[in-house]
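Below you will find the structure I want to go over with you.
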């Protein structure tokens, strides 16, 4: 049984590449999807498609409408969501995506470091599973196939 | 027509009192509900009811299960959600509640300062309305009754 | 049994006053809600609350976010929707509201003049009932109480 | 990941052919579906299948029941909806289809010329993305695959 | 706890009056709603509101659109549905209403005489409860209040 | 685009074979599913699997639980429902299946002879399309592929 | 804000009376509903209404259809569910009701003694809150009103 | 038509192997999924992935979050659920899974021995079909393909 997994989280480093590599090593029949991973491209996509906007608010709103569209399409096609939080960045997108996924009844794994236990406690409690590392998240996915 | 409004957001200062006062001044037929506003009580509620837990993770998980229960009950009874973001704190709860509300088709107003336009751009775009102040949020609610 | 009725349609004349008067004459226990009926106010509400915007597109987007918020709140509280079309104006809002109502399983009456039979044929077919006059729409509502 | 895209909008010119050609040039794995594009056939399909009807209203109602059936089947099979508005025709079908799609949580792109910003402002605000040209709509779809 | 009960079934005799009287005798806090009980009025309501139609098919379609509208409004307001079948008439409306109610998760009681066990076996099996008499149906409702 | 079509209706003659043959002649990419077509087998399936029951009511209830299970599984897998009514038999199953399908938003075609216009008027009005013959129903399905 | 609470669990002793008394002492604005608490009445209700059945299976099926009907009506009217497990009895009803409640998004509190931690671990994990005593469950409800 | 079947029930013996073998003998195009069948692995999975927990409650909660995740993923992919009860073990998981499946409108077969008729009467009544043996459950599935 093939599953599609949406990878929600920051796009400042290549943690998704790490997930993909490790899933391949474990021979898991998973397809990974997620947001635009090129940060500049993600921020600029609104003006890139719609043209110059009259200020930062409008540039951001244009970009976010297209980023949200992409997320909506891909999350609806997904069977499972992994939402990764790290120690940097605001990551409200990640919280938004994780919460939307849970409300849509998409089984959701939250990955967060020990240092974030307290501020993420309500989100962790609401998630199906909370782990600390990508390896653990993949162990949870691998468990489906045992 | 009376409406019930859930006030999502941080619980470190009395912004909800401000909302209540201003709604009263405008004679709006609104009932406000929200999370536990006593921060210590919110953090300790798990151990207060369930007894001592074996560490911070477990204390936090116990507290958050009860806080999430309260939020779930009250948000289901609400017609509208206001989610306020400020410049301090992680506020992942706020993002989680706002996103859950939108996914449940609860009409949602995001309140955030200009300084947070960029990190909240996807959440703002997904919300029904985004404003910068509590006064503006109440203006939006008052507009329903014009 | 009291029912709440959302009145979707143009806001250039006082057809809703006509509906309200006639419902009163028939002693029907109906509460009517609907969009902002002051056209200028409806167009300007975005800038009135959010401040000046950098052009017509942005002014319109700001206004529509608040108008849509109002519609969403009130339509969710409604038991029935009446959508009136006339010979003037684009009325895409009316079509949008009527279609959203039908998709939400709100029983919907379309009112349209004979001259609009052809362009409204798919919407009429999808509506629960299609009539030509406000009097007929009220006859349909009165029939619930016979 | 293959996606099915419903193309809502007028059927008086071959804009859908344009969409198909451009998607092919970009090698996007998209399947396009939509309404009957032969305008005469669309208007006459009721009598063509059900036999002569006693007047225009009945001819139109018969045709629209079959057109709505087709739309319903194909839209349910679609992952994304593009709704194109132009400067001619009433296009209430387009507004109806776009609104139904959004209510069904189908991610929706509205395409409309600058001249229609004002009358389409509520629909644009409710859509996931609003653009002005078919090329921009395809850029948005292509962005999903970056 | 007050409950609203939709009474689906034929409108050729006053079985609903019987239900109302017996519920009153048992002091049950029930409000009963249902279709138009005047058979002629029900058949003629389309032409009464919309004017003469060009034949039986069109007269019937006009009437049924208004009858279905009434049913839809009242069934959505109901907590429970009783669907009564007797030995006469086609009663496809009754089967339609009972099935729609069950699909909407409205708890449904089917009342049918012993002679109809076989032809109604799939509908009875799908209903929450099947009984043979109005008295038994009221006993089931009274049991909620014990 | 392949579609699965559930064929609801009586099982006393081979009308489904007729549908299958005609669909093949038109080269329509349709898969047809439906209830058990062997009438004796359908009536006896409860006792065949569960053993002898203590009377007709119990035999019928056992059979119908298995028939309803089959219908539920296959209707959920279907994209479209055709519900055929003829002049004989009670056909409450057909009305139940058609109504359940419509409530599940399965696009539904009702096929019924002219003689049944009146007793089926509410069901016809609620269906997406009503026709009189199998050929017309297939014309409607073929229209999706034009 | 008044809340209705469904009390799922065994009916062999008067634990619900205990809940009601304690809620009253705390002045909580709660209305409690639940299953028939007279065990003999609950087991016999099928034959009491429908007449003698041909064996235990049929007697039980008749009773359970009426008990399930009552549960369905009252649970749909409830805002919150408390499901209590004790050390005796099979209590599959309780597990069924708790699970149905959670699937319906009714916020649910599981009450179970320490001795049942292991066999109820999946149900506890899925519940919003798990506690060990009725007092704790009421503390959770009281917390909503703080 | 291929179907995926979730096998809910205890994991102390190899009854699922029996189901798989018999389905193969009957050449049924079924794919079976279910919980982790290695009992020790199922109990230990929480600590295996998340590390040692501070006591039985926490070990069980960790394990159950991962077991529930697996169940949620696989049940959403299933078309049908078989829930088997035997005379040993608490089996509250089985009742939870069966009830969740029914609430999700997954057609569900309950398998239980005659000795459990009484304690499972409400669950059996709510299930689509109740049988006593695995062979009967497979007969019900085979009937879909007749």
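Per-chain residue numbering starts at 1, and chain names A, B, C, D, E, F, G and H are given in the order in which the chains are listed.
In this text, a residue touches a chain if its C-beta (ideal position, glycine included) is under 8 Å from a C-beta of that chain, and two chains touch if they have at least 3 such contacts.
Nothing here was measured: the structure is a model prediction, and the numbers come from that model.
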Chains in simultaneous contact with chain A and chain H: B
Partner chains shared by chain D and chain F (touch criterion as defined above): E
Size of the rotation, in steps of 5 degrees, that lays the CA trace of chain C over chain E: 90
Homomeric contact chain G-chain H: same or different residue positions, threshold half: same
Recurring contact interface, reference A-H, options D-E, B-H or D-F [over half identical by residue number]: D-F
Chain pair showing more contacts of the two, D-E and F-H: F-H
Approximate Å spacing (C-alpha centroids) for the pair chain E, chain G: 31
Length of the line joining the C-alpha centres of chain A and chain G, rounded to whole Å: 38
Multi-partner residues of chain C (each touching 2 or more other chains): 65, 68
Each pair of chains that touches, named by its two labels: A-B, A-C, A-D, A-H, B-C, B-G, B-H, C-D, C-E, D-E, D-F, E-F, E-G, F-G, F-H, G-H
Parts of chain A lying in touch with chain C, wherever the complex brings them together: 54-55, 58
Residue ranges of chain E touching chain F (in the complex, touch as defined): 56-57, 60-61, 63-65, 67-68, 71, 85, 89-93, 95-100, 102-104, 116-126
Chain G partner contacts - residues on chain B that touch it in the complex: 4, 31, 33, 36, 38, 41, 45, 48-50, 65-66, 68-70, 72-74, 76-77
Residues on chain A engaged by chain H in the complex (per definition of touch): 1, 3, 79-80, 105, 107, 109, 128-132, 136, 139-140, 143-144, 146
